[in-house]
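Shared chain: chain A. Partners: chain B in the first complex, chain C in the second.
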Partner chain A sequence: MTDFMLFLPELFFILGALLFFIFSLRKTPNPAGYHRWAVVLAAAGLLVTVASSHQEGMLFFNCYRVDLFSQVFKVLMALGTIWVIFSSGELKGIDTRQHAEYYFLIFVCTLAMMMLVSSVELLTIYVSIELSSYSLYLLVPMRRGEERYFECGIKYFMIGVTASGLMLFGISLLFGVGHTTYVPQLIKVLPTVISQPAAIVGLVLALAGFFFKLAVFPFHIWAPDVYQGACNQVTTYIATVSKMAAAAMIIRFAGISGGASPAMIKLLIVLSIASMTFGNLVALIQKDIKRLLAYSSIAHAGYILIGILTLNSQGYAAAMYYAAAYLIMNYSVFMVIMKVADDGHNLQIKELAGLHKRSPLLAMTLMLGLFGLAGIPPTAGFTGKFLVFAAALGKGYLYLVIIGMVNATISLYYYLIVFKAAYLLKPVKEYPPVRVDFWTQFMSFALVIMSIYLGVFPDRFLSLTEAAARSLF
Partner chain B sequence: MTAMNMAGFPILTTILMTTIVGLLVIIFIPPEKTKLIKQVSLASASLGLVLCLWLYHAYDFQKGGLQFVERVLWVKSIGIYWFNGVDGINLPMMLLTSVVLFTGVWTMWELEHRVKEFFALMFLLVAGVYGVFMSMDLFWIFVWYDVSLFPMYPLIAIWGGTRKEYGAMKLTLYLLAGSAFILPAILFLWAKGGGHTFDLFMLQKIGFTPYVQNVAFLMLYLGFGILAAVWPFHTWSPVGHVAAPTAVSMIHAGVLMKLGAYGVLRIGMTLCPQGAVYWSHLMALLGTIGIIYGAIAGLGQTDLKYVIGYSSVSHMGIVGLGLATLSVNGINGAVFQMFAHGIMTALFFSSVGFIYDRTHTKIIPELGGLSKTMPVASSFFIFAALAGIGVPLMASFWAELLVLTAAVKAFPVAGILACMGMILSALFMLRVVQRTFYGEKNPRWEHIPDVSKFLAVPRVILMSCILFFGLFPKVMLDVIQSTVIPFVTRF
Partner chain C sequence: MNSLSTYLIISALLFSLGLLGILQRRNLIGMLISVELLLNAANLNFMAYNRFLAPDPVVGQVITLFVMGLAAAEAAIGLSIILALYRKMHSINIEAAQKMKG
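Let's look at the complex of A and B:
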């Protein structure tokens, strides 16, 4: 019975997925009904996840660990999932016949990611990450419309498969070096052999799969095309929920090295600087807001890496904090995009013109989201950056922090361009009015309050992430 | 310095809250009720003013040190404290902020375009400014510093004038690039101090190694120096001032630029005294170049706001030079100059703002002979110009006198050059006054009404401030000195 409790959130999402699988067999689709079902199930899923958030224990021959670290991420992912599902009421980007499949794949993907953050055995990890990846490979090309949207689906698949291949090779090397596939045992063995090239290469290649998901340079190439090519809701899902899983797994794998590998730290520093700089510089010239956010997500992957590469629990806690903040602020921006482009087209930055008149509330949510992404206080984004940088300086990486801050200043430019569009520009033509329902109003206030609360009162959530980071070891 | 009396009533947080509550109330007023928004704004600004005046009155300068302390542990694991207090350095700054906010809100009474957002953003900005001045915790100083900067972008880009979008973007990016140095410096000091406190006074006791001090001070000086318009990082300042609407120019030039100099003094010179000694020649050099450069650049301008923008560069050079001397007189003068310049620039911008509102031009040759058609408005500007020159009986006279005597003693060459810079600045101020207000009367402006009694009030308040502290400099110098005398013993 206690084992059952440990696996409850996952079981619940399996159930949800099965239900939508059955719905997908029906001849006459009922999109509105599916949406109601999905909302109820996702809400219940969130409650179940929160209820089991203090569970601890091992499952499945010690392949599966339920601890504070995994449960915090599961709550974040359940939260992200319900937000995405709530915003899927219109779902104009996907053919109505496929709505049941859409919800099915969303539930499967969340399930896979929940399993991912709890897995502590390399093959289980691999299976989980593939399950989540394949759901996304199917979700991306589901978009209705032009042929070229398929192209991005294929691109995503090809790069994803390559990353998986690298990851498998890395896992085999780790097994060769450590003679085990269990992460807790690897943590004990690996620090003693970390100076061997095979160990470092294995670890880095194993990380490649997660770098792909988090869109860390040089595994970022899919991001702009997929963000642009997938329908808005799927992009939101990729940009929020799947990033949580990737961040969690990079933290878990970085923890394996035991914090004593200069070569790996150097590599992570290089990747982090490359991601931040590349992402921010290319984002400067984007016209499509989803492409812009794709490049900004590459940059944010770099910031999260700064926290992780300290390889101590303070840094992991900071990275977790940053990930949570990123979830909130990125969803704020995407929610506004989904609302403004409710017919499902790709929103250009200039189409946001005059948003402050069309919907002051959405404009405010967008502003808070953008300022959070840019790292301006008193938002959660700022406090996250502050904690990440503090952790890095605790290890003495002054130059890295300076580079990070210079990058934050560069990024401010393109966030201000979006802000300017919403608050300053006059629309060139008459845009249809933005319909703001009760749910969106509620979410706008909730996101703004959450962002500011986490930004100004970080103490409680920070001690939670610190406890979670300690449970890693 | 460490004398702390725990006041029962958190007066400082209350002052901060006057702006934040004002902001929240404004957010929930429907945008079409502009009159109500303005009344709420003025009410909350005047509440802040009254509290600051009381604070100034209640501060015991004979005892000196940090008073009205509020200290609560905020984030345990990395040691952030909600730690506020006032001493002789930030007390004049608080007073300055409240006066400029009050007069600024009053000056904008005729605003009609997007009123609600304007006042909301202005209160956000001022909340940041109050926060920086009262905080004694590095985390909060940085937070409030950034909070005070980013509202500048919409404030200039929406309500601004000449090349507003360019000016706004340039200003915002420049100032936030400054914080790209400040945040690493703060975290560097925190990490070197053991990584368990951001409390300024606890860090001060640690005594950093000379290397740490030199590195951190340079970063802080560059970061805050951008906001203090230290030459060669001043280029955002005239452009931004020209683009900004009147009250924003007032707050920006009057108060926000002081944050830069204050940051150098409060964080840099407090935590890195040896770093300050090490870099003092650089500070003196850049300060002197600023004084002379501002005056020369001002000579060539034809736009009234550009003239004031460059005079600000010059006057902030005086503050920089005063800090560089690391002596009692120099720092006293620098702090006094921050106050005096703040009030004076606010008066400058508020009178130019009025002239611009009425004539829709601020090009000097077009204005000509304005004192005959708008005698009252002109007198405000001329009064500010006299204060800018540093005529005796004006507050800035004492400030400049103190700084220059200290500078001549500490850096004879720079000091004498700075004195010559003052003559240049007198020359360019008088030229501007002569060409704008005297000479041929321009018939275009004949029928334009002068300042109404209602709109004259804020300007008169600013004028009387300048005059009061010019006649009784002791009222302020006693307060400043009480902190500066123990402060300089560390160098």
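Let's look at the complex of A and C:
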């Protein structure tokens, strides 16, 4: 019975997925009804996840560990899922016949990511990451109409399967040097054999699969096309929820080496610098706001990596804090995009012109989100960057912090371009009015308050992430 | 001949061929086959390590079975996306799908 309780959040999402599978078999679609069902189920899923957040235990022959680390990430992912589903009220970007499948795949993907953060056995990790990727491979090309965006589906698929092939090869090498696929045992064995080339190659290749999900430098090529080509809600899901899972798994995997390998730390530093610099520089010239956010997400993956590559619990806690802050501020920006472009088209930056007159509340949410992403106090984004840089300084990576600061300054430029469009530019033509219902207003206020509260009073959440980071070891 | 290094060399060759195929092939089906080569290289590694280094318990063989199943699912998804692409673009050449830039 207790085992059953440990697995409750996942069971709940399985239930949601099953329900939408049955809905998808019906001949006459009922989009409004599906949306109500999805909101209710996701809200209940969030409540269940929060309620089981303090559970601990092992499941399935010790392959599956429920601890504070995994539960914190599960709550964040359930939160992101309900936000995305909440914004899917008018899913204009997807054919009405496919709405049930859309919700089905969102539930399956969240389930897979929840299983991913709890897995402590390489096979379970591989199966869950594939399950979540397969759902996303199908969600990305689901967009209606737009012929020219269809190619992003095949690009995402090809880069994804290549990354997972590299990851599997890496896992096989880890099995070869460690003689086990059980992560807690690998943590003990690997530092003693890390000097072998096979061990370090295996670990780096195994990380490739997660780098793909987080869009870190050599595996970032999919991000701009997929962000631009997928429908707005799917992009939001990829940009928020799926990043959480990737960050969690990189934290868990980077710890395997036990900090005994300077080569690996050097590699992570190089990847982090390359991601930050590349993402920020290319974002400067973007016109399509989703494409801009894709390059900004590559840069943010670099900042998260700074926290992780310190390989101590302070850095992991900072990276977790940063991931949570990123979820909030990124969703703020995406919610505004989805509301302003509620017919599902791709929003250009110039279309935001005069937003502060059309909808002052959305303009404020956008401003707070952008300030957070740029790292301006008093938002959570500033505190997150501060914590990450402080953790890196504690380890003596001064040059890394300086490069990070320079990058944060560069990024300010393109976030301010979007800000300028919303507040200072006059619209060249009349845009349709933005409809803001009660729940959107509520969400806007909630996001603004969360972003500022986390930024000004980070202590409670930070102590939670620190406890979670300690439960890793 | 019946030694670990033989199998490891074969799997490394398979892996390199697969990677080369993905980078160099222009036909989507060809790329999909190259990805299967990558997965099979990993499978061969698992079997060889299982046979020579860690025979008990048979973790390597179990993983290989799982990977075979997942590879089939992956091929199904990939082929369905390729089919949909063919209906829209009348080509399965990757160069037909390179209009997004910037």
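Throughout what follows, the second predicted complex is superposed on the first by the 473 of 473 C-alpha atoms of A that agree within 3 Å, B and C clash if a C-alpha of one lies under 4 Å from a C-alpha of the other, contacts with A are read in each partner's own complex, and residues count from 1 in each chain.
Here is the rule we go by: contacts are C-beta pairs under 8 Å (C-beta built on N, C-alpha and C of every residue); 3 or more make two chains touch, one makes a residue touch a chain.
Every value quoted in this text rests on a predicted model; they were computed, and no experiment measured them.
By the touch criterion defined above, A:Tyr453 reaches neither chain B nor chain C.
Of the two partner chains placed by superposition, only chain C is touched by A:Tyr137; chain B is not. Within the superposed three-chain model, A:Pro378 lies in touch with chain B and out of touch with chain C [touch as defined at top]. Once the two complexes are laid over each other on the shared chain, residue contacts for A:Leu398 go to chain B alone; chain C is not touched.
Within the superposed three-chain model, A:Gly165 lies in touch with chain C and out of touch with chain B [touch as defined at top].
When the two complexes are overlaid on their common chain A, residue A:Gln228 makes contact with chain C while staying clear of chain B. Taking chain A as the reference chain, the count of touched residues is higher for C when chain B and chain C are set side by side.
With both structures placed on the common chain, the touch criterion links A:Leu387 to chain B but leaves chain C unconnected. By the touch criterion defined above, A:Tyr149 lies against chain C but remains apart from chain B after alignment on the C-alpha atoms of chain A.
By the document's definition of touching, of the two partners only chain C reaches A:Phe175; chain B does not.
Chain A has no residue lying at the interface with chain B in one structure and with chain C in the other. Across the interface of their complex, chain A is touched by residues 15, 18-19, 22, 28, 31-32, 35, 38-39, 41-43, 45-46, 49, 53-54, 59-60, 62-63, 66-67, 70, 73-74, 77-78, 81-82, 84-85, 88-89, 94, 96-100, 102 of chain C.
Listed in rising order, the residues of chain B touching chain A in the complex are 74-78, 117, 139, 142-144, 146-147, 150, 153-154, 157-158, 165, 169, 172-173, 176-177, 179-181, 183-184, 187-188, 190-191, 195, 215.
Taken together, the chain A residues at the contact with chain C in this complex read 122-123, 126-127, 130, 134, 137-138, 141, 147-155, 157-158, 161-162, 165-166, 168-169, 171-173, 175-176, 179-181, 224-225, 228-229, 285-288, 291.
Interface residues of chain A facing chain B in the complex, by the touch rule stated above, are 314, 317, 356, 371, 376-378, 382, 386-387, 389-390, 393-394, 396, 398, 401-402, 405-406, 408-409, 412-413, 416, 419-420, 423-424, 458-459, 462-463, 466.
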